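As written, the chain order gives the labels A, B, C and D, with residue 1 at the start of each chain.
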């Protein structure tokens, strides 16, 4: 079961049971973005309150598996209060964390190791990468957030 | 090659090379029926001149393989001048000749052996039954003739 | 029902021994396969029938004259006869059309029969428990032909709600219903629905995808008009499905897919379609797949469908009892709680644990169950669910499989507890 | 053309040894298989890839969480990647749709892309040498959408007559042409046709059924817009075909068959289609068949398509020369007399002997050739033929096969002499 414990770290189960920043923000002024995974039916709605280039508040609703739900909760805690630039960096770092290391030698992009310390609690999701079908669960909220930032720009 | 010689008897090759009763009859008064085998493209057109219950004349056109062409030629020779009733009997006998003997014991219809002498030259076609895919070639003209008689009735 | 199979030798352990995949080890445990409703496992006889076909007889069918082409044709047409016998098609092999899967069969029904026979305002009556294969083609037809798609509701105890059926039948030209729900396990009263449909001048189409491998099927006795299923859910291969209807109906249906094999003639200005099943089998058909399907039918017949049904009923009864007892309150079965008119498909809703997570934990125990909406989203919405974790049985299933399922389920519940 | 395969080890005898069916004995003679244009023979690697799939990994794809479901999905999606590489699809696997055969692919093209993009009066330009798969779907579309189907004529020396092409292109929105005729062996100038089509604002669809197993295929280099073929003509299994188009074009095409797997959502009042290839793959896909197709691609790549092309060109040149020499006047080749832009498909018209009889006599020598119209009736009418006897080569063919063919042909000619 060691694999399983890698996936379902205590932090993840905690965020699944008690999701942070759950709720809605009045939109407008907040931005509302929906994410949907047609394969497993997971849904997430992200509300963003951005002022002067800072993500002042973020709220989430939706439903899905422990991975998608805890990932969105962890995400909200990690990005709240950051500047948009910092948020984008966090998204990029998380995407890297979720990238299956390719063994193929002719792979162009060299995967630079992720600085796990910089990720804080988010690092708990690193076990997901061993379960490739679950990566899209972990990515759902992040892709939705990215989409929201794109709409801002 | 013994199998092949069973199929392509000399009589068959002769009728294929020099088909009997080839041509057309003016229709009306003659009956004109078309037969078509979509699987191999064989075509036959049968012209029937029936007077007082007797098939006074029969002519054929069309194209196809040696089996379909010789069978139609042999047929024309066999039925010309006969009463409709006799023609129907000949058709029935020929169909029987073309029936693959079933080995299955629970088969309902018992196959009575065909009187080959009664068939005359037609008996040359008996080898066809060993080549099941060719049976439909041999039957084409006969089915077309039967259809013509049905139209008469 | 069809001729009773008086086989006395049904033994699930023998079926198990015949099924290579069941020896597979995953995560250090022998596999516990509980996903037959998604796709069943093939016995060696089916796999070998296909290998042997490729090794000895492969050739394109029809029109061939040489030996192997004749043999390939015999294999292909032989499968048609086997299927006709298996479902007791009154008109025999001439009523069996091979498609690529049950889904294509439904598209054939909607796009050929439907287009020719339904006009704006006509209603196709399906149910809330249908698989998307029996919903989406009707929506597609609605968008081009202006028909209405109406749903028979499902009751809180997971049955069709026929209390209002007379009203629902208004303007209905076709009732299209699953014989057995792939989510609930519910077996619907097909004979009764046939009587209702026919009384109202409508036809009845039946989705037999979940029935054929689990119960005796007799389309003549059921008195249905269309019957559809897939080989891969009845121990057969992927890549082949079946469409059955009566010969008169079939011969009155316009062509669907166009191409080689379905024509009588093609000219530079048009074409004439072939008659019989060929009209609906454009292109090179699934020949090896037919060999596999024919072998699957023989195998199922050797086991005896009535025996399989009884065996799976026993497994289902045992599982339902134990689930209720061991997980009281934590695990809800989305489907009938007993085995009356019910097959061996058990959908689970585990409190506080998403179906995806249930399946993930179970996988670590080598247990194969399917999480998700099972291509039945309207049904999921009806019960306010986004997903269930579904376990389902086959003739090779044993009580031992349920044991492992329950053990793993216990772990999932504790883990997320 | 695609990356040159620098394999030096191509040996048809090894391919032969890899192909179980070639050891088959019929009528006391080892089989001489000359019907690869109808369907090719599978190497052991392909047959075993499918058996192994069923024995070890079979499960329904997508949505699964457990181990074998993931493996089955990887097998299925891996085949998509292999095909994308094999034809050099610029957008990779996202541009590859799996169908049941080339014929379904043409129906997808006509019924999805065609319905959405063609209006009454628009012209689809095909050729007189097309297979029915690339004719009948257009006639069907004509009957519902009022398009015109126009034919590029074929010259007396069996080539496309492009002398009048500017006039023929009037109102043409799609040119749909075979890369290689399955009757004549003629290889058409696809790059040139792509340039013509694009110059006129039309798209070009290509029937690659006869090309893919015999020449290097590079859809990017050919600059075509749609490319269609079947697995069973490229050493792969029955039951799976391919449809390729650029990602933008694919994503703009409306759904075709409806059902599970091709949806993003289904509600009681409608549905939302999925994006990508999934939109066109309704129902359980041909999973084992994809495993077989993936293995066929690997096998062909290991032989090197350029090597296969060269080998078959040699066989064809030899056969054409000997046929002309040994049967002067008695046997006419319906197709180009040399190997310039010509593949290894040799249609014979034997004076005074019907193609059916030729094939029948040849069968007694264990020689497999196909008699008939080869699903190309307009072409047959063009040359005033009802049938030809067609011999065709594959990578396992040897000059020895031609020897037996000529011996048997001599017998047929004498017999009917």
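Everything that follows uses one rule, which is that contacts are C-beta pairs under 8 Å (C-beta built on N, C-alpha and C of every residue); 3 or more make two chains touch, one makes a residue touch a chain.
Only a predicted model underlies this, so the values are computations on that prediction, with no experimental measurement involved.
Taking each chain's centre as the mean of its C-alpha atoms, the one that lies farthest from the centre of subunit B is A.
For the pair subunit A and subunit C, the distance between C-alpha centroids works out to 39 Å. Distance from the subunit C centre to the subunit D centre is 31 Å, each centre being the mean of its Cα atoms. Distance between subunit A and subunit D, defined via averaged C-alpha coordinates, is recorded as 46 Å.
Taking each chain's centre as the mean of its C-alpha atoms, subunit A lies 78 Å from subunit B.
Multi-chain contact residues of subunit A (touching two or more other chains): 39-40, 134.
Each of residues 27, 63-65, 263, 265, 356, 360, 371-372, 377 in subunit D touches at least two other chains. Chains touching one another, given as pairs, are A-C, A-D, B-C, B-D, C-D.
Within the complex formed with subunit A, the residues of subunit D that make contact are 62-65, 70, 73, 263-265, 274. Against subunit C, the residues of subunit D that register as touching in their complex are 20-21, 24, 26-27, 31, 35, 38-39, 41-42, 46-48, 50-51, 54-60, 63-69, 100-104, 106-107, 110, 128, 131-133, 135-137, 139-140, 151, 230, 232, 237-241, 255, 257-263, 265-268, 270-271, 282-289, 356, 359-360, 362-363, 366-372, 375, 377-378, 381.
Taken in their complex, subunit B has these residues touching subunit C: 36, 38-40, 132-134. By the touch criterion stated above, subunit D contacts subunit B in their complex at residues 27, 352-357, 360-361, 364, 371-373, 377, 380, 386-387, 411, 415-416.
For subunit B in complex with subunit D, the touching residues are 1, 3-4, 7-8, 13, 16-17, 39-43, 63-67, 69, 131, 134, 137.
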